[in-house]
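Below is one structure. I have some questions about it.
As written, the chains take the letters A, B, C and D, and residue 1 is the first residue of each chain.
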Amino acid sequence: MNTFGRIFKISIFGESHGKSVGVTIDGCPPGIDLRENDFLDDLARRKSGAKGTTPRKEKDLPEIISGVFNDKSTGAPITILFKNENIRSKDYSQLKNLPRPGHADFVAFKKYKGFSDYRGGGHFSARLTLALVAAGVVAKKITEPIIIHANILEVGGNKDVIKAVDIALEKQESIGGIVDCTATNIPLGLGEPFFDSVESVISHLVFSIPAIKAIEFGAGFLAAKMHGSEHNDEIIDESGKTKTNNAGGINGGITNGNDIYFKVAVKPTSSISLAQQTINLQTGKPEKLEIKGRHDACIALRVPVILEAVTAIALADFMLVK
Amino acid sequence: MNTFGRIFKISIFGESHGKSVGVTIDGCPPGIDLRENDFLDDLARRKSGAKGTTPRKEKDLPEIISGVFNDKSTGAPITILFKNENIRSKDYSQLKNLPRPGHADFVAFKKYKGFSDYRGGGHFSARLTLALVAAGVVAKKITEPIIIHANILEVGGNKDVIKAVDIALEKQESIGGIVDCTATNIPLGLGEPFFDSVESVISHLVFSIPAIKAIEFGAGFLAAKMHGSEHNDEIIDESGKTKTNNAGGINGGITNGNDIYFKVAVKPTSSISLAQQTINLQTGKPEKLEIKGRHDACIALRVPVILEAVTAIALADFMLVK
Amino acid sequence: MNTFGRIFKISIFGESHGKSVGVTIDGCPPGIDLRENDFLDDLARRKSGAKGTTPRKEKDLPEIISGVFNDKSTGAPITILFKNENIRSKDYSQLKNLPRPGHADFVAFKKYKGFSDYRGGGHFSARLTLALVAAGVVAKKITEPIIIHANILEVGGNKDVIKAVDIALEKQESIGGIVDCTATNIPLGLGEPFFDSVESVISHLVFSIPAIKAIEFGAGFLAAKMHGSEHNDEIIDESGKTKTNNAGGINGGITNGNDIYFKVAVKPTSSISLAQQTINLQTGKPEKLEIKGRHDACIALRVPVILEAVTAIALADFMLVK
Amino acid sequence: MNTFGRIFKISIFGESHGKSVGVTIDGCPPGIDLRENDFLDDLARRKSGAKGTTPRKEKDLPEIISGVFNDKSTGAPITILFKNENIRSKDYSQLKNLPRPGHADFVAFKKYKGFSDYRGGGHFSARLTLALVAAGVVAKKITEPIIIHANILEVGGNKDVIKAVDIALEKQESIGGIVDCTATNIPLGLGEPFFDSVESVISHLVFSIPAIKAIEFGAGFLAAKMHGSEHNDEIIDESGKTKTNNAGGINGGITNGNDIYFKVAVKPTSSISLAQQTINLQTGKPEKLEIKGRHDACIALRVPVILEAVTAIALADFMLVK
């Protein structure tokens, strides 16, 4: 479903080429300072415009339509809308019957029996991450003094991000990347032993971000190659501070007061200009597809602020449950 | 919370050294053939006894106490209990004040204000995975003809599993491992674009299994180093069959009809016999800890059947929602 | 929370004097015919304008901003907005510190620590029922061929509704009423024995409608005075048709295929022009309050279409779960 | 589903003539004093034995199988079992094909496709209310210092309860009744304006109790006949105390600090010894049915403690959410 959370509950809606995308945040405590300006920094970080991101330009101005009065949250649901303005749907008309490999086009057509909005990926569009970022801005205010920071570690296997994007653009290719995320000042005791472990809830949200295909907490896959004596984080003081942080700040599903740390893999953008093989949904016959629409060469570039947002959303819910 | 699922809903309960562990399965359709014998194979696969697994011996006989009548599910909640019989709680009395590094002891003590059952890890014990395996047996019946199979790929970085365990035991060490899972005969269209993506729900459940610290779907972390033209899976026929399966059978959060494929990292067992540094919860002072209780050298050996179980649970819910 | 439902899930938001009120409907199947015109009949039935209803005039035009493409639902969340246009907030400035007896003003002020939007009742306003009616229109399409019809039985204890309202207006008073609701063509087997009994879910939604204070199914309170032999509905054919319908179409929480029938009590509108005693929230002192804003003399007049809507919402969810 | 609650979450399971009935309580805070003895008083109040209640005798001894350690809740899920011992299933064999009018037999047979456990009403049995009462005992401890008290107001339309039952028994009839419930020392601000109004949540749980067919809060149905000036409760001091309590302690879905007050109607027990008309499920033909099993003449006699229990469950959840 398009709703997530137990107390801090978010619902997202909208399509790439519909009227708006938006989010409703239910369960935000009253009295939180909230103005439209507060959203601009994070929205700008998500925005396209850098090399390697789509040339589609949207103002991305948030409109708060409920739940805020005199610049403070009221305790009622907060709905935030983003109008879609710079729409060039005809770029996508060729795609109606030609599902893009790697995209959700094919499954959307089948699952929704031909009724899904195919323009620009419809409801599957990365444009929906606007809603996540907006909810993240609210969540970050609730989770203070926690600080959440995400970083691009590499794109296309290359630590020189700018160079890697240039090369990809030259080849008419796309590339993926690895992004990490650290949350500091974490209270001890968030999360539950089963089903709502911190890893469970963060990964649930992280895999709602389009293009994420892997996540590892702390030492992650490397842990599988370590000995217990190496991997165990020695507890060095009463607050629970550990010498190492192979656990990524989480034991038994519960925060131990050390930093939460995790990494994600972002796949290369599915839309590329190179010709690809697909199937025509009307004729059932194979066909070559060259994608002409605007798209990101490296979607990983936009991921950090979205990753921070979903981490903040997860932590806000844990803190309000606690 | 200890409840998961929308239609096929499971609730687990119990402690390592309490009376029983168990599971309630709500939302199982009526008329499913279900006898206590049906559980034995998967329970045996999970059981300790192999080299590298704890010498604690439990019969692990399931007792179905509700929801089944004349060997068929009735549609009412199914509760299955496992008695704890071979309990040696005094092994753990030394641990009351000495939280084991890498374990949940410290966070459990703090989160539950000193009231948690510390014996054998209490509710955090891997013994709770009995409940997951039992629910998985029911789920597998519902998800027929899907076939789910999990495999140990390596332990301690070594593909020769037996040898790696022998070496670890000799060193009084523990080791982790990597396990993969494949689900075939998957119907197209399971899952939701946001929040309940197939990756979201599977990872949510997977991170409820103690000791799992990472998951990757399809090409996973490798995807971050690939070009779009390599990573995109070409659609080769009308059913959606793709030439490669870098997506792990999931596009935009939704099954595309190809095999679901993912890998997880299992950390080395936290309990080791070697001396480790910790803090005394009463005195607040550092202390050396040598763990004497029974424990697994390589918990990854037991993971495959549990991984299959949670995958079946996730798929059963998706299929009943659909 | 402001979200309800398992598969057909609705979230409502907005305030009386904010920018908009609205609803997001998640879980609507694809391919349902849906145009803005479809909403007008039910919205008109809810609208003010009749004698006894508030003179506040709003166009109440629904704007579908997501989830519909080419006049069909896509399967993605449907968000519908209603702009607030005819706002006279200064009518309410006197009320900032003077909670109206019978209203939520006092509890809203306390619960939300003074941050709630007090204008026109804010999020507690009956204007939010617009969102319920809109969701009901969608739900009615899903529940076809079920027919749901609600009726005013009496207002102010009087079956002559027009006359009763005239008398109340003359006295500067308000009056309540009794409304019943019948749903026909009900499939057998909706609902669950515990917690999600049909009575549980319908009553849950019904008590979300402002001003409803009682509900009875079938014979209701009268059942308490009957003998078993009178109350039991004899089963007269294989389809489960019964001779009488004292059960209101529900046995053991589950629809039995006969009509669902229930009645609700609507309290008199709390806002009246007569002077009333209250307490000043700033000074803590008692004060007389004469309410000058626009308000309904008999809110029960608007209840039928809202009651139909929530019944349709409940049934749509049951049918999609089934 | 058989699970209810947001933070204080209960799941019930079991059948009348299966091995056990039970409940799992998730979300109980750690450190609550809890022994098996604590349950005995409320369980005794629910028990059969009085005139007018079934002669089936069960010990109804609670067995706590998880979540309690050293007589304190641990924070982990608490599961409580009640063994079924005094089972006379052959009393019910005649009923296999003859659904009792007023009972769930017919809908259970149809909904669960013939697989439901028909013995003693199976999962629909009033025996499941044992689970509710047990959960209520835990909830009452959490909601201290709230005091909840339910009372039989009348049975069969008669305030002389003993006499009314005698008359009914003589006639081989059953009778219903009216029970009220008052909760005092209520904190202001519990509940939500929509969907989780206090009335919504209490009524949701109340209609999970078998045989309840109506509920009214405060003045209830009488409110429909009152004027606003009569019905509005004047606020007389800063704490929100009101002169009257027509609202039943709830405004806009939220507790106002005054007593919560509601009444319910209990229908006459469906099982009666008099011959009744029904349909044979195998032959589809009409048949006369005389019910011989043990049953209550007046189920309302057992309702007070169950009503208190569900009220406590609702309030515990509201308090933990808050």
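Definition applied: contacts are C-beta pairs under 8 Å (C-beta built on N, C-alpha and C of every residue); 3 or more make two chains touch, one makes a residue touch a chain.
This one's a predicted model, so the numbers in the text were calculated from it and none came from an experiment.
K.L.:
Can you tell me the least number of steps between subunit A and subunit C, where a step is a move to a chain it touches?
P.N.:
1
K.L.:
Would you mind working out whether subunit A and subunit B touch using mostly the same residue numbers, over half shared, or mostly different ones?
P.N.:
Homomeric contact, same residues on both sides for the most part.
K.L.:
Could you let me know which interface, B-C or C-D, is made of more C-beta pairs in contact?
P.N.:
C-D
K.L.:
In whole angstrom, what separates the CA-based centres of subunit B and subunit D?
P.N.:
Here the centre of subunit D sits 37 Å away from the centre of subunit B.
K.L.:
Round to the nearest whole Å and give the separation of the Cα centres of subunit C and subunit D.
P.N.:
26
K.L.:
How far is the middle of subunit B from the middle of subunit C, if each middle is the mean of its Cα atoms, in Å?
P.N.:
Distance between chain centres, rounded to whole Å: 44 Å.
K.L.:
Where in subunit C do residues touch at least two different other chains?
P.N.:
Answer for subunit C, listing residues that touch two or more other chains: 1-3, 6, 12, 76, 111, 123, 193.
K.L.:
Graph of touching chains, which shape: line, ring, star, complete, other?
P.N.:
complete
K.L.:
Which stretch or stretches of subunit B touch subunit A in the complex?
P.N.:
Those residues of subunit B that touch subunit A are 1-4, 6, 12, 99, 101-104, 106-108, 110-111, 123-124, 128, 154-157, 168, 171, 173-178, 188-189, 192-197, 199-201, 203-205, 207-208, 210, 212-238, 240, 242-243, 246-248, 251-256, 265-272, 274, 276-279, 284, 286, 300.
K.L.:
Show me the residue ranges of subunit C that touch subunit A in the complex, using the header's touch definition.
P.N.:
1-3, 9, 11-15, 18-22, 24, 26-27, 30-31, 63, 65-67, 69, 72-79, 81, 111-113, 115-117, 119, 122-123
K.L.:
Under the stated contact criterion, what part of subunit C meets subunit B in this complex?
P.N.:
So the residues of subunit C in touch with subunit B come to 6-7, 76, 193, 321.
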